[in-house]
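Note sheet for the following structure.
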Amino acid sequence: MGRAHRVTLLGTGLIGDFYTMTLHGRRGLDRVEVAYSRSEERAAAFAQRWGIPQHTTDLRQAVEHPDTDVVVVGLPNDLHEQAIVLAAAAGKAVLCTKPLARSAEEARRILDAVERAGVFAGYLEDLVYTPKTRKAVAAVRGGAVGEVLWVRSRETHPGPHSAWFWDARKAGGGAIVDLGCHCIEIVRGFVGKGNRPVEAMCWTDTLVHPIDAEDNAIALVRFESGAIGQFEVSWTFRGGMDLRDEVAGTDGTIWLNHFLRTGFEMFSSGGSGGYVAEKAESEAGWLFPVGDEVSELGYVDMFADMFDALDRGGEPAETFYDGYVVNAVMDACYRSAASRAWEPVALEWRGGSTPRVARAAATHDGRTVIKRETLPDGRVKLILKDERTGDFEDRVVSG
Amino acid sequence: MGRAHRVTLLGTGLIGDFYTMTLHGRRGLDRVEVAYSRSEERAAAFAQRWGIPQHTTDLRQAVEHPDTDVVVVGLPNDLHEQAIVLAAAAGKAVLCTKPLARSAEEARRILDAVERAGVFAGYLEDLVYTPKTRKAVAAVRGGAVGEVLWVRSRETHPGPHSAWFWDARKAGGGAIVDLGCHCIEIVRGFVGKGNRPVEAMCWTDTLVHPIDAEDNAIALVRFESGAIGQFEVSWTFRGGMDLRDEVAGTDGTIWLNHFLRTGFEMFSSGGSGGYVAEKAESEAGWLFPVGDEVSELGYVDMFADMFDALDRGGEPAETFYDGYVVNAVMDACYRSAASRAWEPVALEWRGGSTPRVARAAATHDGRTVIKRETLPDGRVKLILKDERTGDFEDRVVSG
Amino acid sequence: MGRAHRVTLLGTGLIGDFYTMTLHGRRGLDRVEVAYSRSEERAAAFAQRWGIPQHTTDLRQAVEHPDTDVVVVGLPNDLHEQAIVLAAAAGKAVLCTKPLARSAEEARRILDAVERAGVFAGYLEDLVYTPKTRKAVAAVRGGAVGEVLWVRSRETHPGPHSAWFWDARKAGGGAIVDLGCHCIEIVRGFVGKGNRPVEAMCWTDTLVHPIDAEDNAIALVRFESGAIGQFEVSWTFRGGMDLRDEVAGTDGTIWLNHFLRTGFEMFSSGGSGGYVAEKAESEAGWLFPVGDEVSELGYVDMFADMFDALDRGGEPAETFYDGYVVNAVMDACYRSAASRAWEPVALEWRGGSTPRVARAAATHDGRTVIKRETLPDGRVKLILKDERTGDFEDRVVSG
Amino acid sequence: MGRAHRVTLLGTGLIGDFYTMTLHGRRGLDRVEVAYSRSEERAAAFAQRWGIPQHTTDLRQAVEHPDTDVVVVGLPNDLHEQAIVLAAAAGKAVLCTKPLARSAEEARRILDAVERAGVFAGYLEDLVYTPKTRKAVAAVRGGAVGEVLWVRSRETHPGPHSAWFWDARKAGGGAIVDLGCHCIEIVRGFVGKGNRPVEAMCWTDTLVHPIDAEDNAIALVRFESGAIGQFEVSWTFRGGMDLRDEVAGTDGTIWLNHFLRTGFEMFSSGGSGGYVAEKAESEAGWLFPVGDEVSELGYVDMFADMFDALDRGGEPAETFYDGYVVNAVMDACYRSAASRAWEPVALEWRGGSTPRVARAAATHDGRTVIKRETLPDGRVKLILKDERTGDFEDRVVSG
């Protein structure tokens, strides 16, 4: 059984609500003890909403509060570095929401700060902790789909809920920084964290909203093994929040749907009011709620991993180094969108080397077997290649 | 924040594993302190598997153990009464797995025992606690589907995993006692717990397995409001474990799928090995795992409700009285299967009265409006009934 | 290649539109030549809409028209008998929409009329002809699910579109006569048409609409083999038209969804106007159209079977005898709803005999094998029954 | 009613089977009269299988056969040009399977040939004719999703069935030429055929099969309006044939699934044998057949459009010019895969001009409205941008 932790929570927006709902639910050991907001009004309201004993608008006081041993950073992106540096200086464990930083350079400084201080640091990338993702990654590790060839991660919705997301100066970018960071880490989970992201190709555009940052982006990320990651992010999607992942391997396929099609379907002629789900667009017609939102979005498993790792003196599944890698990939995506060509991912790589995906080719009668099919009548048909001539032929062999 | 509870767990079978996996996971406050099994070997293995400090084959010693304040009964059905009576005598809170008893008469004695002793008693009906069910019931309470007219609950799989389930003397019946108990309580949740189950009509048969008990059953349960509940249970279903619920109301519809179609789809050519999900039939081809099984099956929310209720001195959502009602409905089902006609549900009803579902009929030009449709061209068509002549007519009225 | 047929179509309502859309689409050989309606205005509009050369309000003239060889009856239920008797007298092939009649007695007279006259007669039960149903029935015939144990057929929507459906005097009943007739024939297709429907148990109620006929019904139909059919029909369902079938067999399972979840999902913020699908309730929010409605609803394959059978001088898959059986089952349902007990299906049975479903029980060490499971570690566990003592045991045997 | 056409079919492989199954089914007017194969054995077997009166191994004789007025080309890609030139010379209508050619240059010569000859020419791109695609495109044209921003078309399976597909010399490429051609035309249907494909960015790799051609590719195609098309093609996908399309617009979303999830789900413990669907990988476990394969794959509607257009003297929805555009886009994809940057689509454009997608920005209190949200309490929150300072703010305005 773990030690009970007491948390300083920095930030009282939507993510602060989700974090506290997770920590204070399900008969958990750990509690938020101190809440910090830049606004006294929001800090007080938040503390009352969640039964948090203390709140403050003094960042340093919050971080250094003697009753807490863990600092959780749920602030806008431009405020991460300052908060983390303070927490590291205070010698406290620090957990930071996604993305870690606005650029790889900033992430690198943050990473250096916690490594120099020697404090525990966890990257709060919730979507790699959804129960489906964790089980799917375990299945992939166990060989269920063979070698991973392709991963698609899609995160799209009608646009974020707070002003600062839309301000590229504070956020560091648009939909990529907001949503692509999730996708990149999901993709890394499937292709393997020791599989170096080599280069990226990215399209961005601002199609709908009157902003400077991108409201749509698609990127391809090529990994050392040859596996390709693909992310699609949008702030203009209609119909709710679309969180889906797909994995194709040499021996199998995985399709995950985290939000809009999870086995909960409801038609309502309206009039009931009430919250359906994050980014839901309607309260009538066919609706697709999720069961337990903080579980389906990964918050429950994420905090369990963080505190369990802290208790055992190990590393969580998602570290600040991972956050730094994500920023490095996003930087490459932005460079590619500008150069309109593939761009290398520039980063200090700690993950070792992964061989190229490969399958040994079978031969039949001196020819390479391209494909083997069982015909309806039970006979086996081979497609063969003569490597000398380059010719292909169909050949039916006895079953 | 709740008090930490220490649990005596009676029974170390599959349900004991699920219960302990739930209590010991997700950084929970509460722990199993003492494990009891009739077999020393199983008790020891279970204690080691889950890091439980103490284990025993002495039931009384387990129940009365001074380090625990809660007794959880996870034993075969024929052993519930004895264990609960002991726990009640020991003045401990007692939580009992489903079904509460093998008959309403036995359930009534159990209910009396805990009520006389004044101990906290919770009915561990996990499937009404699945996140989807809880959210759906809340939506129904909020009016999202209007008045509930019909509920279908289906629970089918290829048959239980332990010998005693198949022995009607120990289990009290077959698929109805094993699975129908879930369905009845799910249905009650949707039609309202104050809505009295009036009568039942049930078909049973033993179609596949060489046993005396039913391996298939379908029942209709009519409630005081006129709402109809329908359950389908089977020990002969192929393809995994099918847990689905459907609700139809005057203003909406709900479809829940808890297990085989939850947004996790995997194709594997095989070879990976590994556990897919409870009652899964295969490790190759298209597979449909669930993300977090103990969450999807309701165990997490169930124990949270139980211990939270205990802490605040209130009642859990599922009480022993509910267990007794379920047994009374199942008794009526068995009587109906024998008599081949509707049979009244015999029980001491504590739930008050629910009015008949009803909608006020609109009138148009002195006639009853049966239906109102908007035509493709925007005009409105009414189907009208002349109550004097009994004649019906179509009438297009201006949009 | 078939002979081109020329059709007299009786009735110009929704079903007449669907029939003609089917016949005149997809480069078909066969055409509607004469349209009949009781109203000159509707007849003329219909003929113009579909390019039909001739129309009339004289029933006899329509039936006996020298340019047509086939009479298709798409009239209200109370007008079927008269039209069919006229067609039989005219010596023409006659195809009649569902249900064949308002009662088994009326159906029997209709059946006698065409058999006496020796004319080709086809029962236009479209939903057994949906491409999914046909392929699923073929899979069942091929053994894909073993012996059929249970079939559920559900057809529900918010209520029919024309006044006469709501008038039990004209329709012969309510939701059962309108929708249950489809379900019964779907069930028969899966359990086998040679499998006699022995008895029925039915619940009906009028829960929402101010009518005398039932707006909701559920029935169980027991077949000679022991297989059970279950139908659910409603005129109060919200969310569109729900057409789903499920089959459970000893070796497999089939789930069909014909309408609301067929792989076509659309979210629209509204404003587009336009027809979505039959009985759709909305033009905004999440919508679930079907691709080709007359194909998905079975009309295309139905008419192809009818005319092909006529050309080869054989019988179609759905005959007037099938229509008569359906009426006989519905009669038993109505009797059961009144008597509140199982009622025998009274009919002249021509389908032969079907044995009871059965599986030979395996034995191990002198005991009956109840279940065989492979454990996670690869060992095999048996659940065994000692037939002398009636005791059950778990036994792990070497893999 | 149309004229009956008599067809010369060139090629007797899988596509020839699908074409003839379509033409000879559903009581169609049109028939295959002459079948041509390079092999006498295959020609004879094919003619017998489908009841085709005449067959030959002489290409010219087949094309010029006096009994036929339409030539359908179902030959390997490298044989299209010769066959079409012959048909054009014979003055016959010619319909050619996809892709039209191996390159835009070859396609251009083919286009010129039929235009010079003045014969009717239809491009047999079946997947834009699936009932779902046609209805979805109609909904998009009607405004259901607003302006189209993004389209994804995915076509993947475990690899083609005949040797020539794998030989890049005959096929003109790998998975792009085989599958990407479908995707490009599907995308064009949704973004509008008058929306010029401007440039393409493409990744290809040969990850699994021992061939020179690509077995995996992903491409982005940017259109004049700013809309982006995305295709994913693979010959290494496991689990069947995955045909899915997604459309995102300013006001809505469309998701189509043509093959693996269409509302037909079957579990079989095996042993039934039998054909499940094209490219299905298994006959046991969970299977996902389609109802009517030639309808779901678009063949029925495709030939209906072709022959109807021929009868009325107009153009079909898919012309040889469309086939040429597809080849031009594929050429740009291959160039991009080589150059690793965006490449312009080089083609003679006949489609006019399409404006940039755009939405007029609303203002509030002199600031740009970025987003408008209704809060749970009914108040409205705006996210506003001050265009002078570039600052963003949240502001709650009265509902």
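We just call them A, B, C and D in the order they show up, numbering each chain from 1.
One rule holds in what follows: a residue touches a chain if its C-beta (ideal position, glycine included) is under 8 Å from a C-beta of that chain, and two chains touch if they have at least 3 such contacts.
Note that this is a predicted model, so its numbers are computed, not measured.
Novice: Which neighbours does chain B have in common with chain D?
Specialist: Both-contact set = A, C.
Novice: Can you check whether chain B and chain C touch via the same residue numbers (shared by over half) or via different ones?
Specialist: same
Novice: Any idea how many Å lie between the Cα centroids of chain A and chain B?
Specialist: 35
Novice: Just how far, in Å, is the C-alpha centre of chain C from the one of chain B?
Specialist: Centres of chain B and chain C (C-alpha means) sit 33 Å apart.
Novice: How big is the gap, in whole Å, between where the Cα atoms of chain A centre and where those of chain C centre?
Specialist: Centres of chain A and chain C (C-alpha means) sit 48 Å apart.
Novice: Touching two or more other chains, which residues of chain D qualify?
Specialist: Expected reply: 145, 238-239, 251-253, 267, 269.
Novice: Give every residue of chain D touching chain C within the complex, in rising order.
Specialist: 1-2, 24-31, 130-132, 134-136, 138-139, 142-146, 251-258, 261-274, 289-292, 295-296, 300-301, 303-304, 307-308
Novice: Per the contact definition, I'd like the list of chain D residues that touch chain A in the complex.
Specialist: For chain D paired with chain A, touching residues are 145, 149-150, 152, 156, 158-159, 161-164, 166-167, 169, 201, 203, 205, 207-211, 216, 218, 220, 222, 226, 228, 230, 232, 234, 236-239, 242, 248-253, 275, 339-342, 357, 359, 361, 368, 370-371, 373, 376, 383-385, 390-394.
Novice: Show me the residue ranges of chain A that touch chain C in the complex, using the header's touch definition.
Specialist: So the residues of chain A in touch with chain C come to 238-240, 267, 269, 281-282, 284-288.
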